[in-house]
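Just so it is clear, A, B, C and D label the chains in written order, and each chain counts residues from 1 on its own.
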């Protein structure tokens, strides 16, 4: 008995020793949420971190590239982090990063996996004193103004974009017909807001009926199968497909092509990924809404950098700039050429201009 | 012993010769300079206890073990055998004790497995050729098995035929008399099947040399032309069955003067027939047995005999709750025994030693101690908590009481020899001190003479202490020798009951008549 | 097909009849073609997984292998990212890459003696890494008309993908039934030690089976790429578990040596029909997964029920 | 019977009363710890800051929910089965906890753990009594739990406004030790004591190594298995409590991604996936190794693509090192 137990005993004692040794090493060194809103960091001491789900989707990859562009413009490097769409992994990464000690001059530009992930990220960053900008997802009641280091939350007005593309869709359909809707990951504000926009548009267009709505989890492959099945179910009644992002819209386009109905059904999406812009240029797709990945990747770091170096005084940041909708544009065949070459404008990242694209405070 | 008819065959030059073979394991010299010769078209017997070096020798002959010294010559030529394939190339093949067939393949595939030859072209099977190849082999031994039947749908005896047919494929490689090794081929066969096997062996002799390994002296003497006796890693003697008498052979095997009839080791006190039965079975019906009535009194050993398919194994398992029953009832000491599962049976004081020791009897990687206390956890606990000291005390006591040879109680049981493993499995039911009925399914299967005697002595001792025993014996002799009564089952029913008092034992032939 | 396949087949028939009764759209010829098209990729992937399961091993590498192969084929045929236009050669390379990654799982299994559960999980991660490297931030869209035609073109009313899948199942069945590789895979699952005693070296066959499985995944990835019109890292995201589920539901047991390609294909059809039918019948998307899980458990339980006995070992 | 342990390779000279594990076996059983140490050293070599107390504590903290999740499932694996539902069950538990916290307050988390235990036991019962392989039962359970979680949450995150009653799951004790780590160690210790101090030890091992033999020795195999699944469920529930405490919300897919890391933690710890051999302590080490790979690699600056490749390679090597092959005859 005693012998078989030995490895276990060794492990236990190792664990306990590790806990004890590290526990005796002094108090917490992470200054908990000081009152210093504006930083005084030497630009060279600043660490820039960009975190998105993965590098295997074009939109998020372009986001990190935008961050790199900004970092290079101030002579720094961006640490690129990805978490494979795993909430737990995202939080672990953030906590691990904040435990490295160099937090006072750290700037984080984070895309939270879901609304629920924003709370722990914000609390951890605030406690460690790192500057944080979040984008897209946050619970409604959680406000940056209640925190010292959470500078800003940037998002696009999902209701508006959902409504805008629905408008184009209905126009392309000639004001009447049947629509199927492909929803995003149901557990995200983006998916819900965009769908709310569609519902708003539907209410204003009695000639259009919503035949069906299914979630395809923002995924191209899932959208393909769901669309195929829904096309069978509703047959020729379907004259329009509303997708909550471009990836799903592209999946739906494939399904239409495979069903031999390409060109007969109007398709819209959101995000303005390159493939979608090409499709719009070729009139295969009707409309999308721009969400500017490279700009998002740069602007979060820029805002944080400006505040951390003191170039931007937190006192000058208005309440409505701490949680705002960024400008977005409806892209159709008419204006698609203006968006085909994505890139960043260095002027956008000047400390005086960082809030230039504000379209309005978060509702 | 009458003169053996085949003893007259003129000795042929050796097809296989072993000289001074040595193989040492740490602490054990398994082969200590073995010499032997196998001649053309003869049946050579190998007899010896487990541990005498039989299995190591066989493994060396088929390339599974590399000897440390000595040489193996095939048709006069010295060879090094590195694998089963190597041995087959030299015309040596073995029918393994645990059957080596793949159940989910057809008989034909098993027969040609590893040497498909023209049966496979460019990686593709040519089923017609495969079938023909297999049929040729089966024809040689006069078997009528369908070559395309799935192997696991065949009976054990049929599978053994398939296996012999498979081994004979080595002829294709050597175009000369092959050597076929049969390792304990009879250990799980029923009497009728054994007779068929012997006919096969005699037939094989026409075109092959056979090495026949068995721990049953009567068999070895019955079927072999010559017998080598192995002891302590050496061939200690060569015997011609014509001159042999079992007593002498037995003495050669164990190297001492043991009682000639080892079944009658202890003085069995007859159990008075008036004593109330401890186990009463009435109208018990399961999938393979019907309407079984059976009584076993305390202190009595009752053997159940029957051919394959008689339903006796299932009956034994049913009494332990391991297979379901559909009707009837079982009383233990007048109280109804719930046949809901092994657990209920254990709690009522029933113990079961399964035939498949390695799979069902013991947990190989677990220690001797844990195997021994597996069924009666109470002996090592104080309340719900395990007390290692208690376990050690109990286990050590039984290790010495049953003279279990083990490096220690914490040694994995899988490392012990078969006999010692079986003693641990038996001890499992004894440690609690509450066992009242023992169901022993082939408790001596695969054990050597010495280990058998010890198991027999233990059974008698337990019976003397009032334990009722239901025995499914390995052979009729064992059943008759050990039992106070023999119950004969046929086709799932109890057909007759034969009393076996010491001094008035029936002969095996009497029983065989009842069985078929 | 043996009696063992009857259970899942009956379940499939029952499910089809139920859906046909509940939803008129279900029984249209268009929907049948649709179901077969939707089942195509899973059928090909399951072919590969089936052979690994026959060995008694398990394969969780489809996700990563398919990701790597998908990006590879998208970058080698005519595409929107680079000037490559290797056509069929690109497809062959992608399948070979799949085979290589599959072979790697097998080699790790036999050389390091690490259980396939872990080697395939590791290889899957490696495949995803390779795919991410190849992706490099810009999605490669497939321009190659031939490859695009796989998904869009039709023959006798069924998409080319459906026919490719049917061919794969046929090839899989022939391999399983009539080649040494297939029969030895069966035998390894039935009794690996026996093969060794018969002088057969099992390691090369194991590696070969994993390699073949990888090739099937590679082909599956090419099919997905054709469907999606671009190389996608998530091409194989859920296929590992779906393929195992399909195989087991169809009667290819995890213990090895039982079942086969045809059994597994029945499982694939069962899963696909369920997914299709539940949407057509209008079951809420939240509940669909649960209903599918429940039916799978019930189907397996029903198939196992007649074979139950008391002392049976179920892992 | 003249030769002891005849015909086997057992050294008969060492006939001590209690011949225990050999030196090699001991070394193998310490391998997980060595692997952990090597990994820490390697990461520290890349980024010396990694050795800071706060960094190490963050790893320990991150590993805690994973360790709790995997510890329960280890029992199922030891019995020879597998539990693929733990992650989905943890997600469901997180939703239930978030929903019940306002009403039940301090009773919410015990209620959730109990509910998860019942869910686990149900799967165990289905496995044992319907004779369905555990792989399939828990695969089905995985999708069923996910569905229930989506339905009861309305497919949305359920925020936790007042987390006072579960704050113990995400705080620091003794200065800077994460409470979650203490919980994890306590859970593992409790399970280990429960197993080693009672006959469960040999019952579980016997079931895992040889179910048939265990059953015929009267071991309550069915009960042991159902119990193992119940414990596995309870641990999933407790892991959910830790996750909710640090996420301040429950989500229907919150813990889904922890399934494969949890299985990896069990195997890297040296527990045989075929059952019988291993232990819960090993899983604790395994969880630390897996967490280092999941989080450590990226935070020391390995890029996403290479992180994935390294993860795959290291995990295979780690298993190759920690697996005690003497106890596993055929590797499938």
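Following the convention adopted for this analysis, contacts are C-beta pairs under 8 Å (C-beta built on N, C-alpha and C of every residue); 3 or more make two chains touch, one makes a residue touch a chain.
Quick caveat: nothing in here was measured; it's all calculated off a predicted structure.
Using mean Cα positions as chain centres, tell me which chain lies farthest from chain B.
Of all chains, A has its centre farthest from that of chain B.
Could you tell me which pair, B-D or B-C, is linked by more C-beta pairs in contact?
Looking at B-C and B-D side by side, B-D shows more C-beta contacts.
How many Å are there between the centre of chain B and the centre of chain D, using C-alpha atoms for each centre?
Roughly 43 Å separates the two chain centres.
Calculate how many whole Å lie between the centre of chain A and the centre of chain D, each centre taken as the average of the chain's C-alpha atoms.
Using C-alpha averages as centres, the distance is 32 Å.
Chain C to chain D: how many Å between their CA centres?
29
List, in ascending order, every residue of chain C touching at least 2 other chains.
In chain C, the residues touching two or more other chains are 128, 132, 193, 286, 311.
Residues touching two or more other chains, restricted to chain D: which are they?
Correct list: 18, 20, 150, 155, 196, 212, 215-216, 304-305.
Enumerate the residues of chain B that touch no fewer than two other chains.
322, 341, 386, 410
Hey, which residues of chain A end up touching chain C in the complex?
Those in contact with chain C are residues 54-58, 61-62, 64-65, 186, 214-215, 219-221, 224-226, 228-230, 232-233, 235, 250-251, 253-254, 257-258, 260, 273-275, 278.
Note which residues of chain C are touching chain D in the complex, please.
Contact set of chain C toward chain D: 55-58, 60, 64, 108-109, 112-119, 121-130, 132-133, 192-193, 241, 244-245, 248-249, 253-254, 256, 284, 286-294, 296-297, 300-301, 304-305, 308, 311-315.
Where on chain D does chain B make contact in their complex?
Listed in rising order, the residues of chain D that touch chain B are 1-20, 196-199, 201-203, 205-206, 209-210, 212-220, 276-277, 327.
Taking the touch rule as given, give the residues of chain C at its contact with chain A in the complex, in rising order.
My answer: residues 23, 25, 28, 30-31, 34, 37-38, 67, 80, 128, 131-132, 135-139, 141, 151-152, 154, 159, 224, 227-230, 232-235, 237, 275-276, 279-280, 285-286.
What does chain B use to touch chain C in their complex?
Residue positions touching the partner: 83-85, 88, 96, 100-105, 109, 113-116, 120, 123-125, 127, 166, 317, 321-324, 341.
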